[in-house]
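Here it is: the structure, laid out below.
Labels for the chains are A, B, C and D, by order of writing; each one numbers its residues from 1.
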Amino acid sequence: MIRVAILHGSGYVGRELIQLILRHPHALLTAVTSRTYAHSPVYKAHPALRGQLDLCFTNVSEFDASDIDLIFVAAEHGKGAAAVKAILNGGYSGSIIDMSSDFRFKDISTFESLFKVNHPAPELVTDFSYGQPELFAPYSGKYIANPGCFATGMLLASWPLHLNCDQAHVAITAITGASGSGIRPKPTTHYPERDGNVRAYKVFKHQHLPEISQFIHEGITLSMVPVSGPWTRGIWGTLHISALENPSQIADWFKSIYDHHQLIRLWPDMLPELKYAVGSPYCDIGWIVRDGHIVIGFAIDNMLRGAASQAIQNMNIIMDLPVETGLLPSAT
Amino acid sequence: MIRVAILHGSGYVGRELIQLILRHPHALLTAVTSRTYAHSPVYKAHPALRGQLDLCFTNVSEFDASDIDLIFVAAEHGKGAAAVKAILNGGYSGSIIDMSSDFRFKDISTFESLFKVNHPAPELVTDFSYGQPELFAPYSGKYIANPGCFATGMLLASWPLHLNCDQAHVAITAITGASGSGIRPKPTTHYPERDGNVRAYKVFKHQHLPEISQFIHEGITLSMVPVSGPWTRGIWGTLHISALENPSQIADWFKSIYDHHQLIRLWPDMLPELKYAVGSPYCDIGWIVRDGHIVIGFAIDNMLRGAASQAIQNMNIIMDLPVETGLLPSAT
Amino acid sequence: MIRVAILHGSGYVGRELIQLILRHPHALLTAVTSRTYAHSPVYKAHPALRGQLDLCFTNVSEFDASDIDLIFVAAEHGKGAAAVKAILNGGYSGSIIDMSSDFRFKDISTFESLFKVNHPAPELVTDFSYGQPELFAPYSGKYIANPGCFATGMLLASWPLHLNCDQAHVAITAITGASGSGIRPKPTTHYPERDGNVRAYKVFKHQHLPEISQFIHEGITLSMVPVSGPWTRGIWGTLHISALENPSQIADWFKSIYDHHQLIRLWPDMLPELKYAVGSPYCDIGWIVRDGHIVIGFAIDNMLRGAASQAIQNMNIIMDLPVETGLLPSAT
Amino acid sequence: MIRVAILHGSGYVGRELIQLILRHPHALLTAVTSRTYAHSPVYKAHPALRGQLDLCFTNVSEFDASDIDLIFVAAEHGKGAAAVKAILNGGYSGSIIDMSSDFRFKDISTFESLFKVNHPAPELVTDFSYGQPELFAPYSGKYIANPGCFATGMLLASWPLHLNCDQAHVAITAITGASGSGIRPKPTTHYPERDGNVRAYKVFKHQHLPEISQFIHEGITLSMVPVSGPWTRGIWGTLHISALENPSQIADWFKSIYDHHQLIRLWPDMLPELKYAVGSPYCDIGWIVRDGHIVIGFAIDNMLRGAASQAIQNMNIIMDLPVETGLLPSAT
């Protein structure tokens, strides 16, 4: 059994990780930390989990990493790096999967200008691999920067263009549920404001665009309109591409890249519905070509494929388990 | 034209009052105050109203009440009384409709024990009439304590028992949308928590129960389970009553009390749907009797019949206009 | 008073028209027809309207148009033309506003290939004006084909490009609420399927695209992904445009076209939220320009600006009233 | 491995059963029948399951039960009995769990008057045990009538009164999500009607009340208001009880009955939130006592504890497995 801990596990990503680890046949959850809930049973923060585990939250300051094989760090952006630094300074020698943005950017100045903070641990950035399992595994080390939610869908959906086209513009509109904003109430997640509403934000400026641009060659330009929608879980996006030479090749490109990846489902000649993906570890991708125009659609559960289940994929990879272990009923 | 002002009009009740006053044929909105939005156009707080009025928010400290005929005070509970006191100290001599709980309780100790505050203006309480238009108009003065949202539905629905029965127990379950919590985000209105959820709160302890118990004789006892539901507008409630001598008389009782009141719609032998009432100034009431048991159902828009449109009814009453003026298309 | 009737008024568009006419200061609703509800009170089909009108539905076969000034035909697509033909054959000489697609297409073969039916009244098509009030009023006759819901937003949002650019490609993703599907239950409007879901349909093939292409010059190409979202009212869309010579001119273009139109609100340097527009007669349009890319966003209430309130605008125009009459509180 | 089949598995209950069986460590899904989808892959009816099983639907007429250990019959009410009769006539000798109402009523005339049909297999009724696992297991045979959704919550919540009180009246208001209506679109599940709405139906007449009354002694009377709410999954209900001699004993009664049952969670002195239970096999029950009045609240996932997961409990019981097998992460 892999001995696993979660740092800062009282939020939504923590809750999803706990659920997946409880169900994982080769992982054992040994500790979950929280400042707010220290020494309370885990179900105080996550009432739905009552009856499923006896664990109490550990105070971060009392957390002992000595016998842990792998730590998920589920801190907010800007705090993940500090938490990682602390456990490494404490002598931790196991694997780390950081859920925040902190180690996703190779270029520290990009990170710092996006988040308006000084990076708390720039010396560690090069030790982290960007954890897009289907594109970048196996990884060179045991530290993983788990990808962002929008970033996951957009990168997987536009990768065929990166591989096969010299030049293209990709116009993205992607719409996310409210759980993407985390567990803290905000004006934009206040029910009377969110219900029945659609709202764009950070138009052309969302941090997940530069996150994926690191991996896509310069001939492929992307513009992105991130949108908030009135539901709890899931991201659904469209990518419009025009002026490709032979647009119908897109089908072959997708198939050659993803056909052997069980956690990506391709939906040729249609765009997948959001609900197919919600509650699952899949990234669903479909496309339609007509009159020289392509639209690619993707759907993911932002809490799972956009966070926790992708992190479990990464754990499985690091631990030399089949990548789907614990994520599909057939994959135990 | 009645010259009207709204104090503390940047919240949801303020927004609803503005919309109704703009549509009212005999009222003119002359000022809306807000600390946060002082000197900004009203549409900054209420973007949906952009294009419909040119008014800017007035800072409370700069508000001049000298030529105002009627002031709606839309402050939060506990702050309404202070705001009222301030304008009276400033020499205001017009009418006042207070939207808070502050003047609804004749017994100050009840108020103080419910809200855990010292009443800021106990000397004014007797000057205020409890503004249930169908039951208590005409009023003895020009100061109105506008009823609470649950209170409105429960009082109108149980009034026939008060008038006609010596003894009965009324078991209430009433469920409200998220706008009832006001404009400030809270954990219980955080979209991922509210969506698809149902949650009881203040069970047997909600302040709207003692609010109506003031007017109902002791033989009629009431217990109330207030519930939060996953929608924005509207309250829907059931009242179970058993052990009445002749339960089928309930139909006559309702008709004799409400048949001539245009803003109460009776739905005999059914319970009204919430959506019929949402967006309207109606209180919808229905009932079903079987095997000696009665269930009464009511539905209101908590922002309108439970707050703003009932306040307009009260304004109309004070100003000697037909009570429906400005609230129904036919009633201009 | 304008004497008004609605044919086939038991659906959602009928309900919205009734509400607006009841509120209109110069229109009188004299008849609403329905086969299903003939001789029943209007509130049987539209319970929310109970108490607001005494009218009963007329059977279509008994409908007498002789003293009517203006008829709204709210039949489904393919049945509007037949209904229009019938009343004209019956000698009706007043104005007609048809809510269906039947008279929107100048080219009958386009209509017939889109809807897979023979046009029931091709000889009447040239008598109808396409009723986009801000762009095409005053109209040459008294028969109006009221525009489609998506079509309204897309045409108003892309018109500046039509007027000012020789060449551009517009990539549209537009997402609509469930009321756009009408009053009949369908698998795609079944609550468990729609709730929390996002679903594209008729991708690149929606009939509202050729509807607007009639009016836009060939240099401007458009591709459209229509999407269903989990809410009841409203359409929200993005238009991505790249490779314009001077993209920042878009602001001037919008202002010069729409600044004097009260029912179009411009939101420079942002995309409007859907909720601002829902429940209102406005078309909200905003835009953002960055690095040579433009995104235009629009929001409308599909039942109002996308159907009923735009029809009232057209009635006002035909009847020589100010276009906003009855639609804004200040415009009586 | 238990060899399992599902008859009529293209609906929502079928989908939930498939998911649970895929995850069950000792069950193997060998066939799912459907008339509409015969010979199509299961994911055609249940797209979310794509990639998780290779099975195609079997036509009912081609279904071979010879090597099956247990059959779930997921037909609609009135069709379950016919399906059961057919497989028994075909010589099937394994276990049966029927999801319909058809075998829940010992008294055939009650069934026939509730459902207005002749019972298709009255001779089989006594062979079926009412499958409330916590109350009635172990069962006397291998045929189970799986309980109704409301019935499950109401029976478990009122059982302590049955056991401990001579006389009491229980006034129930219970509100369900739209998945309870099944996969076929209906006017009451049409998104624009359901969204933001609350609607009572079959008031005092719902068939789940006589379903549980079979097991509760006559001194305990129940009246029930079933309600539709605007969400997809879950039932949440309140039971009001007054006039008990020693109401605070309710806590001991609940604990003594349910404390050792892992799939019932007790929430003393509060009412459980719906969301805790949704997606889980739990029945959550809480209670509050004050001034002699009791309110009991319950929450279940209508598709799981109200149907599919309770059926898996019953399968486990019949097959001599721990009752939680396959339902909780820790119970493999």
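Assume a residue touches a chain if its C-beta (ideal position, glycine included) is under 8 Å from a C-beta of that chain, and two chains touch if they have at least 3 such contacts.
Just so it is clear, the structure is predicted and the values come from calculations on it, not from any experiment.
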Per mean C-alpha coordinates, the chain lying farthest from chain D is C
Between chain pairs B-C and C-D, which one is joined by a greater number of C-beta pairs in contact?
C-D
Distance in whole angstrom between the CA centres of chain B and chain C is 36
What whole-number Å value describes the gap between the mean CA coordinates of chain B and chain D?
40
Give, as an integer number of Å, the spacing between the C-alpha centres of chain D and chain C.
45
Please set out, as single numbers or ranges, the residues of chain B touching at least two other chains.
177, 195-196, 230-232, 273, 275
For chain B, which residues count as touching chain D in their complex?
169, 171, 173, 175, 177, 193, 195-200, 203-205, 223, 225, 227, 229-234, 236, 238, 240, 242-243, 270-271, 273-275, 278, 288, 290-291, 293, 295, 297, 299
Can you name the residues of chain D that touch chain A in the complex?
19, 22-23, 47-48, 50-53, 262, 265, 273, 275-277, 279-280, 282, 328-330
In their shared complex, chain D is touched by residues of chain C numbered 12, 177-179, 183-187, 189-192, 194-196, 230-232
